[in-house]
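As structure tokens, here come the structures.
Each of the next two complexes has subunit A plus one more chain, namely subunit B in the first and subunit C in the second.
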Partner chain A sequence: MTTLGRDAALVAGLLASVLCGLALGGPAVGPADALSALAGHATPEVRTIVFALRLPRLLLALGVGAALALAGAALQTLLSNPLADPFLLGVSGGGAAAATLAYALLPAALLGAVPLAAVLGAAGTTAAVWWMARGPLGSSSTRLILAGIAANAFTSAIILAVVATAPPVRLPGALAITMGSFAAATPTAVVWLAPYLLVPTAVLAWHARDLGLLALGEESAAALGVEPGPVRQRIFLAAAALSGGAVAFAGVIGFVGLATPHLCRLVWGNDVRRLLPRVAAAGAALTALGDLVARRALSPVELPVGVITALLGVPFFVALLRRAP
Partner chain B sequence: MVAGGWVLALLLAAQAAPVAGVEPLVDQVGAVVAVGPSARIVTLAPDVTELVFALGAGERVVAVAPHCDFPAAAAGRPRVQPGDAESVLAAAPDLVLASTAGNDPTVVQRLRSARVRVATLDVTSCARLVEACHLLGALLGREADADTLAESTARRCASAAQRAGRLPSRRALYVVWWDPLIVAAPGTFHDDLLRLAGLVNRAPAGAGRYPRLDPETLLDPTLDLVVAPDEGENRPLFAKLLTRPAGLRLARGSLPVLWVPADPASRPGPRLPLALEALLAAREANP
Partner chain C sequence: MILLESRKLCGGYGGSVAVRDVDLVVEEGTCTVILGPNGAGKSTLLRLLAGILPPTGGEVTLLGRPLPSWRRREVARRIGYLPQFVDFSFPLTVEEVVEQGRAPHLGPWRPPDPHDRAAIRRALERMELVPFARRPVRTLSGGERQRVLLARALATEPLLLLLDEPAAALDVRHQMELVAVVQELRRGGTSVVLVLHDWNLGLRLADQVLLLQGGAVVAAGRPEALLNEELFRSVFGVAVRLLAADPGPPHLVPVGVA
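On to the complex of A and B.
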């Protein structure tokens, strides 16, 4: 298949995930009524369900999926490590730990502040990892990953302590944060996610060429005019902001950040500038489809979306890996 | 059969000071409990605590779980951590009473291994509550009080069901928690409350006792009403839901919420008929 054909398949997959998310969505409105709403012929009630309830949820899933996949692609390239993703570096864990802690401790009237806690937790963990990784000769990829592993162990311990001691009525919500969900999506949440997605994406787009050169090695990149230190810092912070925003509005959703960049490299190759937009689109489509399956598999029971993204994505990932040269 | 006999023998041997010649009892999860002294009782769940006090054996309760706040005499008892067997053993109980509504069966097993008599209640309906009254009455030597409480419970539940028969049947959900949306599934005592109040539970079976539902379920036009416990923790989340698209029917009033008193409706104990009567009163006011 040509590159154009692969791109067309990706766009078709993205459009299919959007259409399925709106038409199949939840249990209240069937596909026929939802499609009528999309065509502008449905009752006000059905239009409300499709456009005020399903659309924000779909947009949040698309945005979070794109953010996680972009963060994974940036970190894997920056650290020259195929295992790097927002989870390995502790950024997602920091956001999740702060969010679960806030959810368990805050009075019910202040639970709206949980996303803010997640962003602060992710930012604080990013700063801590960056500080821990700094040695006499600056921060290397190995030191960053080791610091991320240490941060992960610490934040996992906080989450476990919260889950073990949370008041019984708060336990389902605290667990929901650790397993990922788009159930609380609102138009406001989509608006709030936008800067966490758009600003870091602009930073990555600006430094896409530098990122590709850094993948060849810092000396080579420096010889070609890249300042490795500041560029690494900006890309790392952009990836952290993408991950923090995702955790803040959807909890912890695994696999998307790790596997989507690998899937895209197998299909489109290693050119970072060509890869990033495709990674964002693939991450968005995978997450939106994962959320749809999470809602429909046992409808009206809702499964954790993180479980679905892993269950659906891993076999596909393994199949592609086995076929790769 | 032989293996089962050995297990039974080991279980009986593990009981502390059984009364010779008295047949052991079987609790509501099928475990054998020897009849013996019950001068130092530890209760591990609020519903069990309320039952013991309702049977007039409250003075024998030496420690209770943290959330046991009813009746007032129970609130003053020393506390144990139900998830920590050592904490329970430190109260030197001769009888521990647990509930499937919140207690960890592995802790119960650990207490049994330490030769402590443990009985577990599994109240999933008003009928099972009546059975629990008789079981506790036999364990505590309060059979007459148990008969009275069981008869009163059965009568009130039957009377409520009779009143509900005069109301139109409605499709409902029992919402335990608003965000995420957690509901009571068939097989729970909440489901029985709905059934006795003439309501058909719309929660799906087979996904656990308290599944998490898609919030869009609240916009399902075939859903007639929602029942929810009226507690401080839940009200702000409900208010927040009213501002979201998923709360549209709730905000417009086309999906009424019948609030029931939180503790009686959340604890499968002697106040369960009170919750049922409150639910019926709300139904009759909003048919």
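On to the complex of A and C.
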């Protein structure tokens, strides 16, 4: 298949995830009614369900999916290690711990700062994992996974402590952050997510060629003209903002950041400039479809989307681990 | 013309000094070989000359200008550097790695043009890598990987190449190919600085030799001036014989621990 054919398949997949998300989102409105709402002929109730409930949920899933996939791609090159993922490394956990802490403790007027807390938590954990994982010859897979275990254990402990002591009125919100789900999506959340997705994406796009060079290690990249210090800091902050933003608006969702860049590399090769937009699109489509499965698999009961991504992602991770040098 | 010069150059890692007071002048179209035992500071010296490791003392000038006053990408266009270790965790193909050699000329977004493509093609052909072009580098042997990295450095078309043990994993035929490549580069006006473990290969290639011990230069000069059993015995801790070779200069042969 040519690159054009592969891109067409990706766009078709993305469109399919959008249409399915709107048409098959739940039992209340069937596909025919949902499609007629899209065409502008439907009752106000149907329009409300499609445009006020399903559309924000779909947009949030697309945005968070793109953010997680890009965060994974950024972390993998930052650590020169293909096993890196915001969830496995505890970066999402760090964001969730800081966000639950902020949600439980901040006065109501300051709850807008929860996403910022998530980004700071994610940044702090990324720095800690970076420090733990790097040996004299870069970060070995073993060190990286062990650093992720340590970070996840620590952040889980904080989350448990918060959940155990949070004021009852804040408990459901704090719990929602720890469970990956788009059930509480609102148009406001979509608007708030935008800067956490768009600004880091612009940073990564600007440094796309540098990211490709960093995949072979810092010394090799420096020899080819990358200023490792400043570039590393910017990519690091971008990865933290993407992971933290995703956690703040949808909770902890694993393995999208691990699997999507790998799948895209298999299809489109390793040129990061070509890869980044496709990683974002594929992450968005996969997460939106994952959310659809989470909603409809055991309907009317709804599963958190994190359950679906973990069920599909863990076998993928095991396969990668077996192949790691 | 002097391409690169170091004066009283010192450097190391985390407080320990690995290179001290190295003076070096690299002229256009010459070959400099750095010899020395393990831990003598050879790789550190190369990193300092490439501007990858900031010096703790002294300075390096490129075309008469101090290295820190150049932008990193400007340096990378002029100095190609072959590191001793490269992390191949990602499944990059040979062609993708060699393409990276053009990155210093391209900036953040410009795609390779026909001139870049031709440079990549020449480098792949020169290192006999065309049949491997689509193979992931991590499936190749150590010597093949070394040729891939050398091709990447050649694709940059720099004024000066700094090669850290480029012959370490090469078989004899590819070592001879390396000799031919270095001589071609030199004829074309490109300078080469190599770290080698093979004394005789180094002495045969070099216009000047730098002998390092404990981070400092213990001897420097034209190769024939350094053909001295006692010097190599004291630096490497081995008994050495100087054997006549016909044709060509005599060979230094280690015959046992001193």
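Operating definition for what follows: the second predicted complex is superposed on the first by the 241 of 325 C-alpha atoms of A that agree within 3 Å, B and C clash if a C-alpha of one lies under 4 Å from a C-alpha of the other, contacts with A are read in each partner's own complex, and residues count from 1 in each chain.
Going forward, a residue touches a chain if its C-beta (ideal position, glycine included) is under 8 Å from a C-beta of that chain, and two chains touch if they have at least 3 such contacts.
All figures in this text were calculated on a predicted structure; none of them were measured in a lab.
Of the two partner chains, neither subunit B nor subunit C is touched by A:39. In the superposition on chain A, A:183 contacts subunit B only, with no contact to subunit C. Of the two partner chains placed around the shared chain by superposition, subunit C is the only one that A:227 touches, whereas subunit B remains out of contact.
When the shared chain is aligned, no partner comes close enough to touch A:4: not subunit B, not subunit C.
In the superposed model, A:207 makes contact with subunit C only, not with subunit B. Contacts of A:49 after superposition on the shared chain: subunit B is touched, whereas subunit C is not.
Judged by the touch definition given at the top, the superposed model places A:216 against subunit C, while subunit B stays out of reach. When the two complexes are superposed on chain A, none of the residues of subunit A touches both subunit B and subunit C. Across the complex, subunit A meets subunit C through its residues 76, 80-82, 137-138, 141, 206-210, 212-213, 215-217, 219-220, 222-227, 265, 269-271, 273, 324-325. Residues 102, 177, 179-182, 204, 207, 210-221, 232-237, 240, 244-246, 248 of subunit B touch subunit A in their complex. The touching residues of subunit A, when paired with subunit B in their complex, are 25-29, 45, 48-49, 52-54, 56, 107-109, 111-112, 168-170, 172-173, 176, 181, 183-184, 186, 295, 298-302. Interface of subunit C with subunit A (complex): residues 47, 50, 52, 72-77, 80-83, 85-93, 96-97, 100-101, 103-104, 106-109, 138, 156.
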